[in-house]
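After this come two complexes, each holding chain A, first together with chain B and then together with chain C.
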Partner chain A sequence: MSDFARKGWIGKILVLLLVFGLVPAALAFAGKGYFFQVANLVLIFALLAASLHLVTGAAGLLHLGHAAFYGIGAYVAALMGTDLKLGFIWGLPAAGLVAAAFAFVVALPTMRLVSIYFAVATLAIGQMINTVLLNWVAVTKGPNGVMLFSGINLFGFALKAPLAVYFVVAVLVSLSIFVLHRLSHSYYGNALRSLREDDQCADAMGVNTVRLKIEVFTISAFFAGVAGALWAYTTGYVSPNDFGFSTSILILAMIVVGGLGSLPGAIIGAVVLILLPELLRGLGDLRNVMVGLVMFFSILFMPKGLFGEVSALSLVRRGFGLKWGAAPSNREVGWQ
Partner chain B sequence: MSLIEIEHVTRRFGGLLAVDDVTTRVEDGELVGVIGPNGAGKTTLFNLISGFTPLSAGAVRFKGEAITGLKPHKIAARGMSRTFQNLRVFPNMSVFDNVSVGAVGAMGQSAFGAVFGGARRSDAISARTWAALERVGLTAEAEELAANLSYGKRKYLEIARALAMEPDLLILDEPAAGLNDSETAELARFIRSLNAAGMAIMLVEHDMNLVMGICSRVVVLASGRKIADAEPAAVRADPVVLEAYLGVED
Partner chain C sequence: MTLTRHPLTRRTLVGLALAAPLATALAGTALAADPIRIGYQLPLTGNTAQYGQDFKTAAEIALARFNASGRLPVKVEIVFEDSRSDAKEGVTIARKFVDDPAIVGVLGDFTSGVSMASAQVYKEAGMPQLSQSASHPDYAKISEWQFRNITTQAGEGPYNAAWMLKKGIRKVALVGEQTDWGQTSVKYFADAFEAGGGKVVLTEYFNRGLPDFRALLTKIQRAKPDAVYTAFFYEDAANFIKQMKQLGINIPIYSTSAAHNQKVIELAGADAEGLSLTTNFMPSSPKPEVKDFVAEWVKVRGAEPGQFPAQAFDAVNIMLDAIVKSYPNVTRAKVRDALAATKDFPGVTGTTTFGPDREPVKQLMKVRIVNGVFTPIGE
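What follows is the complex of A and B.
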């Protein structure tokens, strides 16, 4: 990142005050379990959106299988907690590492694919992982899912109070987002953005594009895995349904609404798309239509989302190799 | 030892010889022009040197080491940096961020370094970026989005990004395309000043006046073959070159 972007201390302090002061105070005041669930959900999806931001928003790779790595993390944490009796302290890092390892193996062949082929490959991998979660009954318990009763146990202290669990989630999500922020707002982040803009040109600048794509895909999956572990421990139940294609698209929608390329945008997108359906609960099934409309109009009237660097349509257009309208750049370098 | 040695470089596209057995070299600190009619293979030659197009035959040596078959980023890391014929800046990034990619490409920053400190590396990258911006006179526009710059300024932005790599050989692919006469003259002065500071430059250009005015040596390509390789005055008088450009006189 450039020197100019070292501002914004006030914003950060306000966010920290909100997450660690105002929200827990309100939660304690309301005192209902449902509100704690929603607050945890917002934090977990903020982390998912922030991690997808790195791959899709910054590096411009249309990733349609993010939820699968989230699912791997959730299952690793849940199965370690139940079958191996290894609690949160072990489950959390293991969830991230296993998800990252999967992503690394997946990335090796797919990162050489261009645009649409990459999108389709991630879609297929997401579906494959989800199918395995659903059908490998001996390990994953299949459609019944895994119940995790142990709860979060930190260094011998069992955290029973919902407020304590909230604080654990808030601290871990904040730390993870801080790391993602450092990656995104650094010269490393600029190299990522150059992949999004024109990866051949980045190559000519000495940027090892394939290696960078593999790295960022793996790092992103690590944090998706961490989010999965947090989900497993806050809800106490994981099932394959939570990690399907629709979840991948929901996370993608969050970063599109917030603005591709912007980390605060990704987080705000997550907050909006988690809270909106909850606020509209009174409308019954109509609320899903409302959420759809919000997404539709935000793409129509705010092509760059709330804080975006690139418009979602141009990314999709480039991703799918369709050259209607003004093509962003002439991508041929070959023979003139 | 020359800075770059291009030996019997050949590239076939199907039945067509785009570059046919071209041999030439660039010495340290030299400013060499490559000219030729449309379709002569000038850009292809540059793509072969910079690793974007694989060679069908021949070899390229840079600073005495073979770079044939290396990936573009590996070649770039050895100190060769290029611009593109059709302006390729990163439109949705600021001018500063654009140029910083050249600096970070040359110096590197790991994910680990980005997260945990590495302030010294960051400061060095930032200093290099500012130096390159200063060299092309774009410091005032540093925060501007690249897409919002004028065409002429985007040309300089692309050159600044290449300069941020602090290359030993700078390859410019038609830098004057789309510029008017006064802008071209300005660019000629700028390229000459870079060369005067010791940088070796290879330059593909349509604008004969630009090439003849600033280059110490001119390579002429026609239909993929090298037909001349000499000082500007000698090339200007060469009947073979005149024929290639103007057609045969009856």
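What follows is the complex of A and C.
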């Protein structure tokens, strides 16, 4: 195998060609707003799943309130766009930062919790944030939601065409996923996996587990916030219902179906769980039953997911070349 | 005898199976003129599925009668899409409807939130949207393409306030669900009630589906109002009324048309007695159009229809009427103009006229539960 192929360049180029060449070409050819909408939704949920992957997949912390941070991002972007007249350029980073700041504050007390207690704490946090979005009428406009008319405006250029919007979303999601990829496939990612496998052991080895958990929770919320801003700007309307428990569970289902601990798996899971319900529209009322069955059987027969952690890590190892390839033992790592 | 391979191989079978629907599809388009289509986005599954299913039945009744009437030489079809009351599904459906050139108008969605998220798409694409139930004050203001067939609380609130003031009620406690609708219902009522000389002694909101109202009811008891004005739907209504009676609070309860549902009586039983509300649909009305609709509904569902199915039934008919008016060259813009021109449309929820703000102007009726039946009263 040539060095070029070995380092996984072919795979990366194929993915980039797909996201920035094939898909937009197909979308433009079909010329249907419906496909653009679905494509944007897939990208936004791919980012949500990829960011949850870091906390739940890599670090092994069952996070049941991810949608709340997605909601904070969406509301920050929407409220800045309407009340403060600060457009996309400001709204997008602010959405991520505010979501991250919230996550940091709630992470301080909760990160000392383990396993099921952590899961329940995040469940409570998610519900609390959602209830605040619903009931803090003076700021969030409560159940009325926020309408955002401004659209995406990049340095004075108003992007109206669906293809332009798609490219903005695709570029931002790809950049974010690249950062998440470098985080989870590095020594930092290995430290996260050590938390998951045995946090006491990791602690004994000198890994600052509490700090690491706070960091990863905050980083993950940052990207959820960015996804929220993208949702607010691509839809033009946000309301508390979109960021409830069921959305958290949907994102969790994506990373489980795709493969816990696997970043490509998280993205594949998002693609499947957004596209599948759309493809099955013809079935009418049976649609959700079918989606449920697909999830059930995929867990039953492929418990490690569609693209499990073992395959994901060996793929990445090859891509990084020598440093990881020549691991002392050739044992494979990942959720066993 | 030697075994010969059957000429009908698996491959030919598959080929035939694939070709058959294609052939019928081709034949189908060749025979009939292209039907005109209406999109209907509604929750057919999920937490609010019961409403969506009701709308679907109502729409099917209206459509079957329309197509049988022969008012148009071509058939009209309704494309139902399930939004699960989820904004992301609603927006996706909206894009899908806009993409279909045969769709000239859209009905739905059920909740204001999903209706308004989808409205952004319809506004941009120029598609008339008529919701049977979106009651958010800003919904019809989004653009000239949004219509609704539900009396907003801007009309119902003051009407109820005048009714209660006339009955000598001076102090009132307000209870509303924590939704855009609940908030506006309470606000419009409170403004009119206080302007008329009444006093609001307590305003409380609850989250939909609250199982235990006792804390809230105790607060009401302490505030000692003459009556309670409530903005809730039947599920919460039944719970609220039952628990209120259990705590022995015996003051009159007034409510909006949203609580006008046979299920309140089924769920709350004798406790529901005396609940007063306004409505614009009475299944027991002697009007022929109402009798027809109720008879059809009972045939399908086995029980009398409530307020919402009636609103959906009228919404579908108003849309169909607009299509008839814009025939033969039916475009989205013409349907919009025809909708805007709707005047004195005789529906089961009374006559409907769209004002210049695309809000319906309707007649309201006063109703009270007497002996387990919603009974019209003249007070």
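The rule is simple: the second predicted complex is superposed on the first by the 302 of 336 C-alpha atoms of A that agree within 3 Å, B and C clash if a C-alpha of one lies under 4 Å from a C-alpha of the other, contacts with A are read in each partner's own complex, and residues count from 1 in each chain.
Simple rule for what comes next: a residue touches a chain if its C-beta (ideal position, glycine included) is under 8 Å from a C-beta of that chain, and two chains touch if they have at least 3 such contacts.
These figures come from a predicted structure and were not determined experimentally.
Engineer: With both complexes overlaid on chain A, does A:98 touch chain B (first), chain C (second), both or neither?
Structural biologist: neither
Engineer: On the A-aligned overlay, A:206 touches which partner chain: chain B = first, chain C = second, or both, or neither?
Structural biologist: first
Engineer: Once the structures are superposed on A, label A:197 by its partner contacts, choosing first (chain B), second (chain C), both or neither.
Structural biologist: first
Engineer: Does the superposition put A:241 against chain B (first), chain C (second), both, or neither?
Structural biologist: The answer is second: A:241 touches chain C but not chain B.
Engineer: Which partner does A:121 contact after superposing on A: first (chain B), second (chain C), both, neither?
Structural biologist: The answer is neither, since A:121 touches no partner chain.
Engineer: Report the partner of chain A that touches more of its residues: chain B or chain C.
Structural biologist: Result: the larger residue contact count on chain A belongs to B.
Engineer: Quick one: is A:309 in contact with chain B, with chain C, with both, or with neither? Answer first, second, both or neither.
Structural biologist: In the superposed model, A:309 contacts chain B only, not chain C.
Engineer: Tell me which partner A:143 touches in the superposition: chain B (first), chain C (second), both or neither.
Structural biologist: A:143: touches chain C, not chain B.
Engineer: Taking the superposition as given, does A:273 touch the first partner, chain B, the second, chain C, both, or neither?
Structural biologist: A:273: touches no partner chain.
Engineer: Going by the contact definition given at the top, which residues of chain A touch chain B in one complex and chain C in the other?
Structural biologist: Touching chain B and chain C on chain A: no residues.
Engineer: For the complex, which residues does chain C have touching chain A?
Structural biologist: Chain C reaches chain A through residues 44-46, 80-82, 84-89, 91-92, 95-96, 98-99, 111, 113, 116-117, 119-121, 125, 136, 138, 142, 178-183, 205, 207.
Engineer: Which bits of chain A are touching chain B when the two form their complex?
Structural biologist: By the definition above, chain A touches chain B via 1-4, 179, 182-183, 186-191, 193-194, 196-198, 200-209, 215-216, 219, 261, 309-310, 328-330, 333-336.
Engineer: For chain B, which residues count as touching chain A in their complex?
Structural biologist: 11, 13, 18, 39, 42-44, 47, 50, 52-53, 71-73, 76-77, 81-82, 84-86, 88, 90-94, 96-97, 100-106, 109-111, 113-115, 122, 125-126, 142-143, 161-162, 165
Engineer: Where on chain A does chain C make contact in their complex?
Structural biologist: 32-34, 36-38, 41, 131, 134-135, 137, 142-145, 147, 231, 235-239, 241-242, 277-278, 281, 284-285, 287-288
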